[in-house]
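You will see chain A twice below: alongside chain B first, and alongside chain C after that.
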Partner chain A sequence: MTVDVAEPEAAHAGAVPPPGRAATGRPAWLGQHLGTAVLAGVGGYAFGHYLGNLIASGYVRVVTAAWNDVAIVLGLLFGILGWLAGIGAFNYALAKLAGREPVHADDPPNWTKYFRYSVEHKTVGMQYLIMVLIFFFTAGLLAMGIRTELLSPTTHIYGPGTYIEIVGEHGTMMMMMASSLVVGPLGNWLVPIMIGSRRMAFPRVEASSFWCFSAGYIVILSALALGGFPTGWTGYAPLQNQGSAGMDSYLLGFGIVGAGMILAGFNIFATIVAYRAPGLTWGRLPVFVWGMVTTSFLLTLATPTLVVAIYFGILDRTAFTELYVNAHGGSSYLWENLFWFFGHPEVYIMALPGFGIVAEIIPVFTGKPLFAYRIAAAGMVGVGLLSFFVWQHHLFMSGINPDMRPLFMLTTELISIPTGFVYLVGLGTLYKAKIRFEPPMLFCLAMYFNFLIGGITGVFQSDVPVDVTVHGSFFVLAHFHYTILGGLVFAFFGGVYYWTPKLTGRTLNRKLSIWHFWTMFIFFNLTFFPMFLIGLFDQPRRVFEYASDLTTLNDFASVSAFCLGASFIIFIVNFVWSIWIDPKRAPANPWGSKGLEWQTPTPVPPYNFERIPVVYADPYHYGEADAPPVADLEPANLAFASAASNGHRAAPVVADAD
Partner chain B sequence: MSRSGRIAIVLGLLACAVFMIVWVAMNFVGSEPGTVSYLTAQAPGAPVHLVMQTDGVVGTGAHPTWVSYRIQTPKTHVFVHTALVELPANSMIDVTIYQFDSGSPLRNQFFGRVTGTIGQVAKLNGKTFKVLNSYDTPNGQGVGHTFTVPSLNINVPLEGNNTSKPTFCTKGPCSPVTQEHTTTTFAFRTPSFSGNFRFQCFIPCGAGHYAGNAGPMQTLGYMGGFLEVRA
Partner chain C sequence: MSDDIESQGWTRAPAGPTAGTGARREPHHFRRLFAMWFVVSLAGDLVWWFVVGPHVPPGTMTTQARGAQFDFNVLFLASWVVVSGVCIYLGYAFYQWRASRGGPDPVGGPAASSNVRVQTIWITTTTLIVIAAFIFGTVQLILPQGAGGGEGPDPIWKPTSDKVLPIQVIAQQWKFTYRYPTFGGMETSTLVIPADTWIAFHVTSIDVIHDFWAYQLGVKADANPDVDDVAYVHTSGQLGSFTVRCDELCGIWHGAMFDYGKVVTKTQFMAWGSRTERANADNTKYLPPFAWTYVPTANTTTGVTADTSGQAPYSRIEKYGATPAKKTVTSPKTTSSTFTTT
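Coming up: the complex of A and B.
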């Protein structure tokens, strides 16, 4: 087997441009960057809007509706295309089409690289990290708005229309963010290094995925200016067909983020399959990478369904195809099925990376090998496969064929088995361990605590009678916040605290990190646990008024939510202070990890490895006196290296990278 | 760059972010229509005289082409663009609605009946009626809107306006003194407890929207509103 050690074409095309100059020789500010993307995006929107008015301003429906969906959709579409063209996403393809060699250079060695179309996976990872945090904090502020309104059942800050607008915007932004929360920043940054690769399989696809994701932020935010959307994050038809112009932002925004998810998943999956170092068999793959494989698999196969569903929705609103309108031969069930065929794998797109992070981190802080490594991998694969067979449990109350309910109840209960595998692997690793309670480990332990509550309440809800009782209530809301915020987001912060010394070469302040953990953990539980009770007392989701006897519980949850929001201020202060204002150099391997990523120098050089490493073992042989080395980063004797890989792969032919 | 320079940049960015957040939040807070209060407009126990109008084209606000309610303030007698009104509990409410919009036959003849009012009747231009046959209304102009409060079982059909008259109001605010309209009056009693009771028109009138149920039909302050009863 030939191992590709070639550098991306970018490496051959150009060296690092001199300071202040772009690859073309012009001043850097005249090149393509975020500023040109914004300008081209605004120009694209104006052109698309003009075109839409030209086409459809005479439609009867447009004349009487006070807005023109065709103009808004075309405006947003051309705005997105302008954004991508302005950042330079089409340069390579256009140059090839024109028969010219594309001009490209490595990232400039300064902060401006983060505002450009970079094909360096570590730069893209950092871009993603900042962008997911922007998504998270924007949607978090909207959550504060929701809880403020719910302080009183009768005194209102805003009306029901605005309330559902804020709820929908919060939910959609959080879902967009959560689907890329780990894959985007940590997946892109770490996967090539953890598998011993010098690059991603498709660097331009990777870069495009980020710029689609960031375009989605602006588009979904534009819904606020266009009157919002009345559907919540699920966008159900026929309300989708009735919604005002903000609905177009929902569809386009989710669509472009979906496109980014497909690109990101496809690239990471291909990278892991094809770019693993010699000796890195599937049985030696870091468990975080197993999380990325399964997540990427789901991203690649489930998200196209969402994009198709959104395409139909856009057609309904602009070309009046009525695909989702029952009265005209369509079916609102079509949206529900397509959406949830994506939407439930989406739940595991959000859960699996969290499983991967905690399983990767806990052996480091317990000093023990990962318990039942193969079971952990099998659990993730099992969850990934079964997740395609459970979607109709979201439709139990929609009027579907009742005979389908037991089937989907069974498949949903089945998926708790592989999920339990991953859980038990964690508990087995913790058993009789001398735990180091460092901030990353605290977040991982909290993830197990929170996900236990979220998971068990999920098993209840898979049961049809219980689901019928609690459907549409705050009980469901509490359940999925326990799994996503309590599970994924806690795991994400564990990963951020764990890998920040590698990603940035800086150490986060330990005391502030621990303050962040305890305030986030305590106030998360004080916010969302009462919501189980509120739900059992029948308070419905997405409604701005509630029974006055639930005021105390709601006020308790609201005040806790404000404190939870404040806990993130501690993180922001810590992050900004420790990384930029008063940076302290981090030790090379502060946690004593055996992971391959920690064996590389910090900062990790371009193309990660001088030579392709040869992997000898999985990185979880903690506490073993005769633990084998994980990898040889300077493989001199390739024949020996091949033999050491236990024959799982054919002898590698490794070219000299120099 | 020095540490103080970096702190200054961070504080500057923070100030910008806070400004933007406050600006957006204020937009939200101020985005809902105001409430016209009839709580202290009359002596305790005296009937409340609630005056409203329906405009086919409201003429102002974010959606100037939409159909909308307007409510008259009790003291200044100005018609305000809103559909939120505060009423005292356990009180007689005498309602006058000036209807400036055109009419059509009802899709569901059930909404031609008067329900929930005192005596289960209303008056159209001074004449008492119990049912409007929307294919044969007294002035032959169909039904323009219904004033319907489902949770109080109130429904009153409002006859459409004559579009052929030169004084037909094409853009709000419309004047009941100088412009063509129909006048519907009725009375009802508010409940003895506090609560917000939604009212809306039950003729899908979101023209240009799917099945007429979107746009003004689902937007508070246009054809959707609340009777906010306070004990």
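Coming up: the complex of A and C.
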């Protein structure tokens, strides 16, 4: 742990930071941490609410409403600002404004760092990991609520309003979670190490992305206290204009998570472009990093559209701009187009990281090089670019200009070509391999099966005549659960099982891991496969009542869903037991991977590398007796480094603290 | 068809460099895979086409529904070929090349890292499949006049028949009502349509976005406020009832927004229409004049008249020898307010 990091810091003349606060020996509860963030957030809400009532009391949108949207929106806005200020997100900028040199603090060497505004990418990665799991399990419990209601076609557990609240919360939280599921924890933790960098390009941007993301969790949950929102995760206007105060939570919550997504994407993209170690050419980049760079590209460029759409929605609800109201000069299509222009790249934000993970892991457990590396990278880039040109396939039935239909059918189907590349890569790597069915490998292979079903049913929906029947039905619901839960989440768990020995230095129990895999895989398929049939038999999404002849299928899906939910208990038990209760030290490289991240000591010291490594080869030279070493972690000098990089332009090598 | 070529690529290429490494003779993976894939994909496709296919929703109540069913089945046949190919390959690989079987160590190097031939075949095949799917889907969209999907206010794929029955679908939270301009603009809460007729559904909303999904008819069109979303459908000779559901989340009672419609013979339809028009006359005169959209601020006391330009309305004179009733209506519709909010 105690690696001397002073030397490269000092090399950056003039910016030697003064000793950090952590070094002053002040008690941990003083200073800024989660507690002050909560306090400031609550204070901010109270202030904003007061301010809103002050400037807009009696200015209500719905005549009989008992709330003032201006007060709610300002309350949430100042609550978020308070949360960020309370954790210390503005300290650096404020200090600079005040003309003082900002105080730089390294992470304290204990668990309290996880509750602070840390700019160390590994700490942020762990914060993200715990937060996405909290998101995932909260939203998963809501899914159990949905399936409970759907046990009976006519006997109701909740009122219809509560049911729609639950559906909306489940969908929105899962979408927020899934867009950061891999980029947040694994991306932040692994990317700098995989590319041989001592840190992220913009550590404070990275830290603020996490604290925006976690603020989103509280804001979106606050909708439950404010009457929920009736629109589901898609938030269609003008129903949005009609929604009660919970709709403001949806808008602010999605907005702040969106801001976090832009920040996270921006930072990771810049890091990968500018901070690769000497010799790490684009042709040697681990495919997981290819997944991250394409995902960050989408996060940075697609999410602003969401933020704009949300800004318009807030204006509609507070200043009565009526941007989404046809009769008053706005358009209900405006939200649909803005939302899906973000929403479809968003779908690939939730697919590309999964592709990256499986392509990264499969070579390790086959003992073979990754088949068609260039095709894998091209596939991810192709999916990323095409994803901006398909959004109107969500609007085939909406009454948009029908001329557009063949075009968007074509672009949508074209995406299956680069997606097919990912299959070519996986299947080719399995050919004449020596497959070890370890838990990470099982999850990755399952992803290939699930995404196959999810992807192929997507082709059905891209076909307009078939879409007339399946659009908006449970068929669509089954399709995107197969791609997101079956694809991304399976790949994510594959990644968690694969990298946990690196992230925590602990070994997860193999038997429990395998139990988790099989229960999750079986019950996932038993839950969602019947939903294709339910959808074909005319059950629309988001209904609390359905045709009685679909009871059997719905009950089957519900019971399977409960078992699927239970499978995650195995994971939680395994995770908590293996990491905190009965920790067992993991071997340095338990899977025999050639990846650069496995060559660093565990735990990875702050600033990762004592010296910037020099990369010689991609990390997939399995099955070669005289394989070149992937990297030299102790390069003698930088002249040697640039010679070894085969004339490719070397990335910046001096870690820059600011 | 697709995996045939793909599978060929798999085996032929790496056979050379690995031949000498294994002690035992390398089996013909390609032949095995091809045999399994051929049997499974052919059997599955035959079962689907002859046993399952004819029952696939949305059925055959309209030309458009039949087209959607045909499309679904064709896509299924092609998908099954792909899915069975990939699954058979995966299963074979798991069995044949599992580590616990103790086979030879894989050989790395350039031969295992890429294979131009395999890659070219794969990319060419998937591209051809995609282009075929696009051409097929476009033809199937245009030939049945938009395939029952909502084409918006300016449809481009229209029936050539001059006997198209216009029916307006008005969605509101949380109910569908239907207006028949050819029967004096009467509004009903039940949807009755004649068999063997071209029908133009003019779907609109008076509050939020809904979606008119006439399941067995193969019709789906969003109901946007202030928008006239047109979907064409040609009913076959099949009589009976069909389901109508709202397919776009429209608020808390979205799940309860459904009803049933009926396809009857032309004679029955005419009788029903005339009877209902008379029975509803007292109500109809309080409705706003028939218009393609209804928005509180747009409908004055004189109303917005129906603009039928660009399409031939269903003519009762031609078909049934009756004349549409001329009516003068003054009162605006009182229940159609969308945003009584400010």
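Simple rule for what comes next: the second predicted complex is superposed on the first by the 613 of 658 C-alpha atoms of A that agree within 3 Å, B and C clash if a C-alpha of one lies under 4 Å from a C-alpha of the other, contacts with A are read in each partner's own complex, and residues count from 1 in each chain.
We take it that a residue touches a chain if its C-beta (ideal position, glycine included) is under 8 Å from a C-beta of that chain, and two chains touch if they have at least 3 such contacts.
Keep in mind that what you see is a predicted model, and the values were worked out from it rather than measured.
When both complexes are overlaid on chain A, the residue A:580 reaches chain B alone and has no touch with chain C.
In the superposed pair of complexes, A:545 makes contact with chain B and with chain C alike. In the overlay built on the shared chain, the residue A:166 is in contact with chain B alone; chain C does not reach it.
More residues of chain A are touched by C (comparison of chain B with chain C).
Once chain A of one complex is fitted onto chain A of the other, the partner contacts of A:325 extend to both chain B and chain C.
Contacts of A:290 after superposition on the shared chain: neither chain B nor chain C is touched. Of the two partner chains placed by superposition, chain B and chain C are both touched by A:230. Looking at the shared chain after the overlay, A:213 reaches neither chain B nor chain C. Of the two partner chains, chain B is the only one touched by A:244; chain C is not. Contacts of chain A with chain B, set against its contacts with chain C after fitting on chain A, overlap at residues 61-63, 159-161, 230, 238, 241-242, 325, 327, 545.
On the chain A side of its complex with chain C, the touching residues are 61-63, 159-161, 163-164, 230-232, 234, 236, 238-239, 241-242, 320, 325-328, 332-333, 366-375, 396-403, 405-406, 409-410, 413-414, 416-417, 420-421, 423-424, 427-428, 430-437, 445, 448-449, 452-453, 456, 459-460, 462-469, 471-473, 536-538, 540-547, 620-624, 627. Only residues 10, 14, 18, 56-58, 64, 67-68, 71-72, 75, 79, 82-83, 86-87, 89-90, 93-94, 97-99, 103, 105-109, 112-115, 118-119, 122-123, 126-127, 130, 133-134, 136-138, 140-141, 144, 146-157, 203, 207-209, 211, 213, 215, 218-222, 224-227, 229, 243, 245-256, 295-298, 338-342 of chain C touch chain A when the two sit together in their complex.
By the touch criterion given at the top, residues 60-66, 141, 145, 154, 156-162, 166, 224, 227, 230, 238, 241-244, 325, 327, 545, 576, 580-582 of chain A touch chain B in their complex.
Residues 3, 6-7, 10, 21, 24-25, 28-29, 31-33, 62-66, 194, 196, 206-211, 213-215, 218-221 of chain B are the ones that touch chain A when the two sit in their complex.
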